[in-house]
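So, here come the structures, one by one.
Next, two complexes with chain A in common: one pairs it with chain B, the other with chain C.
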Partner chain A sequence: MSTLLVEICLGTSCHLMGSQDILDAIETLPPEKRGKIDLRGVTCLKTCRKGPNARVNGVVLSEITPDRILAVIEDNLP
Partner chain B sequence: MHVSEVTKIRRKVLAEVSRLALEGTLEENIAGILGTVVSEDGPRYRCCVHKERAVLKDRINMALSQPIGTPLSEAAGRALAGERADLPAVNLLPEACDRCPIDKFLVTDACRNCLAHNCIASCPKKAIMVVQNRAYIDKTICIECGMCKRSCSYGAIIEISRPCERACDLKAIVAGSDRRAVIDYDKCVQCGACKVACPFGAISERSEIVQLIRRIKAGHRVYALLAPAFIGQFGPKVKPEQIIAAIGRLGFHAVREVALGADAVALAEAGEFTRAVPAEQPFLTTSCCPAFVTMVEKHLPDASERVSTTVSPMIAAAKAVKEEDPSAAVVFVGPCVAKKAEALRYPDLVDFVLTFEELAAMFVGAGINVAETDAGAHLTAASRDGIGFARAGGVTQAVLDTLAHMSPGAVVKPQRAEGLADCHAVLAKMQQGSLDANFLEGMACQGGCVSGPGTMTDPRLSAKLLEHYAAQAPVATAPDNPAAREEKDLHRRTK
Partner chain C sequence: MNRLYPEIAVAQLSKAGEELCGDKVEIARTEAATTVVISDGLGSGVKANILATLTTKITSSLLKRNVPITEVVPTITETLPVCRERKIAYSTLQIIKLLPDSMATVVEFDSPTTFLFRGGQVVPFPTEAKNIGGKAVREGRLLLGEGDIIVAVSDGVIHAGIGGLLKLGWDWTGISAELAANCSPADDAEKIAEHILGCCNGYYLGQPGDDSTVVVIKLRRPRNLTLLTGPPANREMDEQIVKRLMSGEGKKIVAGGTTANIVSRVLGLPVNVDLEYQDPEIPPIARIDNLDLVTEGVLTITAAIGRLHDIRKLRSSNRRDGATLLARLLYEADRIDILAGTAVNPAHQNPNFPAQINIKAQVLTNLRNALEDLGKRVTVEWV
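Moving on, here comes the complex of A and B:
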């Protein structure tokens, strides 16, 4: 089964801007969606001034919110 | 712990102030923060960019520990000179306060102008009438008893309370004549609950990061006293040794764990209990939570004599540093806002107090990523019980374990209270003698220090990580810890 790679930056700058909220939003998705996501924490995505940052399928998303990451995931789920 | 937009703005201001202070360009570039934190095309939370920036100026003054309304370059200059205005720990930002409504009961669209009119029938003051096909409360007559709300079959009458007022268990924050919040400092114990509650971010603690950075840059030996609640605060995957190493990279001379001070406190407090209860007093309360101690002083002064005279773990740890290195500067880093007020009582021992949030902002300002910081192994010098001080029940556990070792015959009947309302109620009962307990642990924050207003991690997560860290401690209790000793001078006053 193909999965969607979602990386959340857990570096200090992103942590301060609420990256844990992004992680929690994905963790609490229903199992049928959560199971299709390869969720990983990373330590830096090199765009620290625009946190919280995430990377979905290789594309870096800045100033991300829980709602927006869920929308992006919805659009990209295999 | 949800990071709201308001929280993000506060943190951005602190990180920018840190960055500029570390770069040495704070005075020239302070006004630039107005543009970087709130951009012309950025998200807007207030009516216009001008209002947004007026609010931001209040926030910057608070970040510099300068009075509200100080011109920014002057405020920056004073902070860089090491000056701190004589401000309480918790302050209202007048521009940010949205002057929430003070009408307590409001009839909503759900009112159907029914035939029963239970609201009108229930009102003891006849303050309700029907206007334009809907119930209307005459505010000049209403005594805010709430009978109408309870009687309405549709639940159409709602009770509105200001978040700051609701959060304050001690009724220390009220609406002023212009509906702006006013803090009554005769009642306030600086716990920071109102700061957490306000959705407009209109209450903030003052910060001393610039004054601290000045000391570090001047080459002083600055020691960080790290409160045990630090576990998990910088992200779930960050190891304690990485946090300690990152503090070193900021230019601190050394890091000490306050949990070791907590071990000394457990020994002193257990000794005090053995001597005083029940011979001199019917019960003893803890003294490690400064908001609890101040609550007793201000709201239940008759019970002041029941509060342990033992100093807090912060003070015990600070004493140890100053004995070893008298010219050191001591910075307490913790989850607590009330510690900023406590530190003012000990100007010779504690030089600065930072929250975990402020420390993280300093890391960001310095470009230090704790998650990528290399660090060697770290073994705590404190006991499991000393680390446990950071969560509710931990102090009780430490004192019980110490007493079991020190005076096995002692009869201890512990009681716990969390939240200032609970602390007040339980202590009042114990004063009356209507509770069968002789030891009270008072914590102003629900869940203890891990839930403090200066934290960054959901306390459910950080409490678990704390347990895990405590379990790795080489010794379990304070008496087992060779690094901890009962010191005679760990008392605030002699009875």
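Moving on, here comes the complex of A and C:
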């Protein structure tokens, strides 16, 4: 089964900017969608100034919000 | 030969109803020697505490300046203030001095006999009677080896339960039997000290009839730890710094996201970040093979300093957040070498962020102070 790689930065800045909310939002997805996501943490995506940052399928997304990450996941789910 | 490290633990109870303990323990660690001075002041409460504090402080300062013991004892007896009711100035004095080659000297002035716990057997630390400045003092020397444990107690422990649960009190032989039966030479000093004090409190039925102090000194191999936090100012230094970290003896810790990425790149090993928040205030830990711990940087270190201020809580805590894990590893080490990168992350200059993340030097100074207060030897090298 192909999965969507979603990486969330949990470094200092992103943590302070709310990366935990992004993680929490992904965990609220229904099991059929959550099961298709390979969720990982990373320590820095080098765009600290624009946190919280995430990387979906290799593309870095900055100033991400819970709603936006869910929308991006929806668009990219296999 | 590898030098042994004296691990020291102190456990104390105040006489029931007293806020202050009339026993005092002063520990001084220098390059030349580790000295533990124990004093039991006359009576209990404030007066006893003052006498004992003066005795330990004066003794410790004199010994640090290499004043011979023959001068220390008379200095103490002549300096102490006289009790208005009893018309005497008095406190006991016990000195345990350990040289870097593990030669131990014990001096006892009216204090209970020191215990030597070696290979599961308990014997009195060998001393002989001497007259120092007109006072009857016992003094002895012994070369200690790895795993040897010295235990010193105040007379409150010797007399535990007297006239109550135990007619004549716990006594020296009772304590030595307890040590041999229920303590192991593999236990750490703190465990032994807490165990003996726990028994003492039990014999007093939770109402100590006297101030009680247990000091345990255990000789063991030193535990080293190297902590790398923050990227070096110059990127060309990355490889060299990671090599320094990996070539250090003992535990290896990385604190900082970017720092973790650098270590991962240089070692060619992946960083696996935990997704679980064990504590909402502390970013999750990560894992890199061959490292003992990988955490976020300044927030975790700041929280770890807080954890180090309450060791009792830290020891009993089963929390698994980065700050607790970091504090525990630091607490277990004797010598800590901190490699601090000076690169500045411009994103941290955010007025909405906690102030401490901009002042890493201040955070590391606080960390160093907290560790030094716990008797650790700490070096900080800015890279």
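Simple rule for what comes next: the second predicted complex is superposed on the first by the 78 of 78 C-alpha atoms of A that agree within 3 Å, B and C clash if a C-alpha of one lies under 4 Å from a C-alpha of the other, contacts with A are read in each partner's own complex, and residues count from 1 in each chain.
We adopt the following convention: contacts are C-beta pairs under 8 Å (C-beta built on N, C-alpha and C of every residue); 3 or more make two chains touch, one makes a residue touch a chain.
Because the structure is predicted, anything quoted here is derived from the model rather than measured.
In the three-chain model built by superposing on chain A, chain B clashes with chain C. By the touch criterion stated above, A:S13 is placed in contact with chain B and with chain C alike. Looking at the superposition, the partner that touches the larger set of chain A residues, chain B or chain C, turns out to be C. Of the two partner chains placed by superposition, only chain B is touched by A:D21; chain C is not. Once the two complexes are laid over each other on the shared chain, residue contacts for A:S2 go to neither chain B nor chain C. Using the contact criterion defined above for the overlaid structures, shared-chain residue A:R40 touches chain C, although it does not reach chain B.
Contacts of A:C48 after superposition on the shared chain: both chain B and chain C are touched.
Residue overlap on chain A between the chain B contacts of one complex and the chain C contacts of the other covers 10-13, 15-16, 20, 41, 43-44, 48.
Of all the residues in chain B, the ones that touch chain A in their complex are 1-3, 7-8, 11, 15, 234-238, 246, 357, 360-361, 363-364, 367-372, 456-458. Interface of chain A with chain C (complex): residues 8-13, 15-16, 20, 23, 39-44, 48-49, 51.
Across the complex, chain B is touched by residues 10-13, 15-21, 41, 43-44, 48 of chain A. Considering their complex, residues 256-258, 260-261, 271, 273-275, 277, 280, 283-284, 286, 294, 296-299, 345-348, 350, 352-354, 357 of chain C touch chain A.
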